[in-house]
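The structure under discussion appears below in the form of structure tokens.
Chain lettering (A, B and C) follows the sequence in which the chains are written, and residue indices restart at 1 in each chain.
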Amino acid sequence: MPGDGSLERLRREGRIVVVGASLAGLRAAEALRAKGFEGSLTMIGDEPHEPYDRPPLSKQVLLGRAAADRTALPRLRPVDATWRLGVPASGLDMAARRVRLADGDEVPYDRLLIATGVRARPWPHEAEAELDGVFVLRTRDDSAALARRLDAGPKRVLVIGAGFTGSEIASACRERGLPVTVAERGSAPLVGALGGVVGSVAAELQREHGVDLRCGVMVTALEGDTSGRVRAAHLSDGSTVEADVVIVSLGATRNTEWLAGSGLGAGPRGIACDAGCRAFDIRGIVTDDIYAAGDVARSPHALFGYQFLSLEHWGNAVSQARIAAHNMLSESTDRLPHMEVPAFWSAQFGVNIKSVGAPSLGTEILISQGSLQERRFVGVYGYQGRVIGAVAFDHARWLPFYRELIETTASFPPPFDNVDRRPGGQRPIDADFPDPSVPTHGPTVTLSGYSPADRRMTFTPAH
Amino acid sequence: MVRLAVDLNRCQGYAQCAFLAPDVFAMHGDEALLYAPEADESQRARLAQAAAACPVQAVLVDAVDVPADVPDEAVSGAR
Amino acid sequence: MTQSLLHQILDHANRANPYPLYEELRKTPVHHVDGGPYVVSTYYEIRSLLHDPRISSDVRNLASTARDPLAGPAQEESALPPSFLRLDPPEHDRLRRMTNRPFGPPHSPRRIDGMRGELHDIVSGLIDDIGDPDRIDLVDQFSYPFPVTVICRLLGVPREDEARFHTWADTLAASLDPDPDADPAERGKGANEARMQLGMYLAGLIEERRKNPGDDMLSRLATAQGEDGAMTTMELLSTAALLLIAGHETTVNLITNGMLTLLRHPDVLQRLREDPGFAVPLVEELLRFEPPVQLVPQRTTLADIEVRGVTIPKGASLWLVLASGNRDPQRFEDPDRFDPDRRDIQHLGLGSGIHSCFGAPLARLEAQFALSELARRLENPRLLEDPPPYRQNAVLRGPRHLPISCDGIRP
């Protein structure tokens, strides 16, 4: 109750438990301490490592420029926590306010933050997935094992799935001079996140850098030799690729199984929470003591008609962590909504790819600056007459402008002239996203629910 | 060792860090940045220059010398 | 008002402290007086416009009606094509990329880092040679010769030719300064004349470097074979002229403004003396507090643009007052306080967006070395005149002389 001192007590001697000791969990813990939380803080993580940064795992580490065990996140301030690392949470008792751990222990809380993130989706055929040489890439240990194998100089690497991670892996392999085949179910790399128009540029990039790119095919089976090492993959077009390293890069699965039966609104699509990161229970009623942040959370976004968005983005984890921490320690009237415009980056084949907004929700694209042929451009995505996203290839410095267009729900196509508008950028074309009914692993922004209704809504970001 | 991370959402490829601390930061192409997430102690002064010079303040360097609250090999059940 | 705010800002009488005028200016974030430029003075608006692709740096996009005396001289009849500073993408991007090739990462990642020892030696030599500590002109004896020596070495321009290009550089720097009272045609002619002379001088040097290439930037630019190919001779001349002039005019002011500010804040000077590493945050705060480029007067709009409720028409002359944005209380707490401990410091001192200062890393290192060494070696330094005499230029603002004295020079 506001003003009854309970918040003050929470601040002074409360117990906050954070499940998930990665980026969102750490930044939330730091924010709690920065906001004066003096009670006990427990960090629970299934991996035995202190919080580390994941983006380098598919880039610097595979290039051999950094060791996989050397990507621990910098500490912005002391968190003075009890760390329970190497043991996953296995259950939640909402009524008793306790988190159960896999080792049988139970940890009581007054406030709980769930930031359990996602894990790599494994190869669906279990026996094939266990062949030696078959990898996924999500964790530090995955990256270390893969980097070691790449060091050994495999004869050919097969990457299954050309989303961002798969493409980055292919890029690193090529830079190391390794022969690479990429098999992608869609029509082009990155097609789920950025559509076919931009995907075709990504495809050219890959081929130009010597990737044997096969699109519109599925890998139907992995084949091992007698010693249990992978030796080949069979493709849906009848072809076979001989490869001694196979990296399965088919997207991610949300880590919510441990919440099954808890009564929390958690499922395969994540944990539903409000714009202030408070989790919903299965009845659709918002809880007041359980929060979610990062990849595992899905929450309504003001810019997209309050539809629920799941964002597997680094920046989203950081900003939700801050919001959740703030709101845990605030009266209801002082709570803040999470409304950062989604933003994403990927570096591959020497090109810096950045996006703002939600390109995958767009239907049309207009190349407003530069050209696809030169691979230096800005593409603006439109949806029902408004700007909903933008992507830049080596054009990052312009993106703040497009973010403002998205924030102000500017009209699409942009009605103005600007520098470096080429003949090919005079009118929008179909962005060429795959049929949404066909599952893809690509998009990093996914959305459910109704369409943005109020097209002239003004969105004012907090500076 | 000094830990660092770059908020690449903020990064706009001004490359100030790569100019000022080339053993830690490198440009990959015109705009993409690669960095060593752990830098040698001898790089600390250059890192301070790189972080200060970043026009979008995207370089995050350890503010805490050694995170004393995490044991080297944190194990399950540690309290 | 007898004099418009803009005239007051340009008036040399107000050069020593334009900040109260900027404060006045910020009351109208988009300031426009009939026939004059649209002047933007608040932080967020300036930053947005620096990243706005509807803004052009190419003077050819300026509507002829906007070419008032304040808009600066036209350059289309110049003997040299515009440098990348005055071009839009894709030409800007291509030329800047090519110029960067021998200068910075990814192709030359250690060029600037490798100059640290040299920078230190030049600074030491100049301080050694100061002579009479009772009356030092910091500008003539230090702030000017230091960056000039550096840019000459970097480019491969003989230092002894300095006397020759000094006059041309002065004229060109002055041409950036909007002067309400001068005849624009006359000024344009003077600037073009200087550009041509400088161009001819550089052409001779480049010819020489092509025959006997060294590791200097001119040699590397003249013999470049990158993905973008080679620059044309005319592009090369424009670029070389830009680097030579921009490579020192601004840094002179950064260092002089820095020493002036330190002498006005003895506690900060003392901290710098004790901790040379303090120069790092100090220079960033300096770039906010006393930026060497006060305003960008050469942008124009490619479309009607609404800023804070004002429609700036297509083809208008647009001024972005960086130094005012840096003092905007909406962005910086207690903005008129010089505070090197400020944590939140995304200043506009070196611009932002695609035209952000090309030489920024070098300028930073030069200022850091210069100020920390001056602080360490000058014993009890003090200002002899405050404010010191300023140069005419309102854009590249800084003292013409900085008379100081000290008790002696430490080894």
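Rule of thumb we're sticking to: a residue touches a chain if its C-beta (ideal position, glycine included) is under 8 Å from a C-beta of that chain, and two chains touch if they have at least 3 such contacts.
By chain, with names taken from UniProt: A = FAD-dependent oxidoreductase; C = Cytochrome P450.
For clarity, every value in this text was computed on a predicted model and none was experimentally measured.
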*Mind having a look at which chain is the central one, using mean CA positions?*
B
*In terms of C-beta pairs in contact, which of A-B and A-C ranks higher?*
A-B
*Distance between chain centroids, defined by C-alpha means - subunit B, subunit C (Cytochrome P450) (Å)*: 29
*asked:* As a quick test, compute the distance in whole Å between the mean CA positions of subunit A (FAD-dependent oxidoreductase) and subunit B.
replied: 21
*asked:* Taking the mean of the C-alpha atoms as each chain's centre, how many Å separate subunit A (FAD-dependent oxidoreductase) from subunit C (Cytochrome P450)?
replied: 41
*Which residues does subunit C (Cytochrome P450) have that touch at least 2 chains other than itself?*
352, 356
*Identify all positions of subunit B at which a residue touches two or more other chains, and write them in rising order.*
26, 28-30
_Shared-contact residues (touching 2 or more other chains) in subunit A (FAD-dependent oxidoreductase)_ = 397, 399
*Touching residues (chain side subunit C (Cytochrome P450), partner subunit B) in the complex*: 97, 104-106, 109-110, 112-113, 277, 280-281, 283-284, 344-346, 350, 352, 356, 360-361, 364-365, 368
*asked:* Please output the residues of subunit A (FAD-dependent oxidoreductase) touching subunit B within their complex, sorted ascending.
replied: 48-50, 53, 55-56, 59-60, 63, 65-67, 70-87, 103, 105, 313-315, 318, 343-345, 347, 350-352, 354, 394-397, 399
_List the residues on subunit B that touch subunit A (FAD-dependent oxidoreductase) in their complex, please._
1, 3-5, 7-9, 11-13, 26, 28-38, 60-64, 67-71, 73-79
*Write out the stretch or stretches of subunit B touching subunit C (Cytochrome P450) in their complex.*
14-16, 18-22, 26-30, 45-46, 48-49, 52-53, 55-57
_Under the definition above, what is the set of subunit A (FAD-dependent oxidoreductase) residues touching subunit C (Cytochrome P450) in their complex?_
368-370, 374, 376, 378, 397-401, 404, 416-420, 463
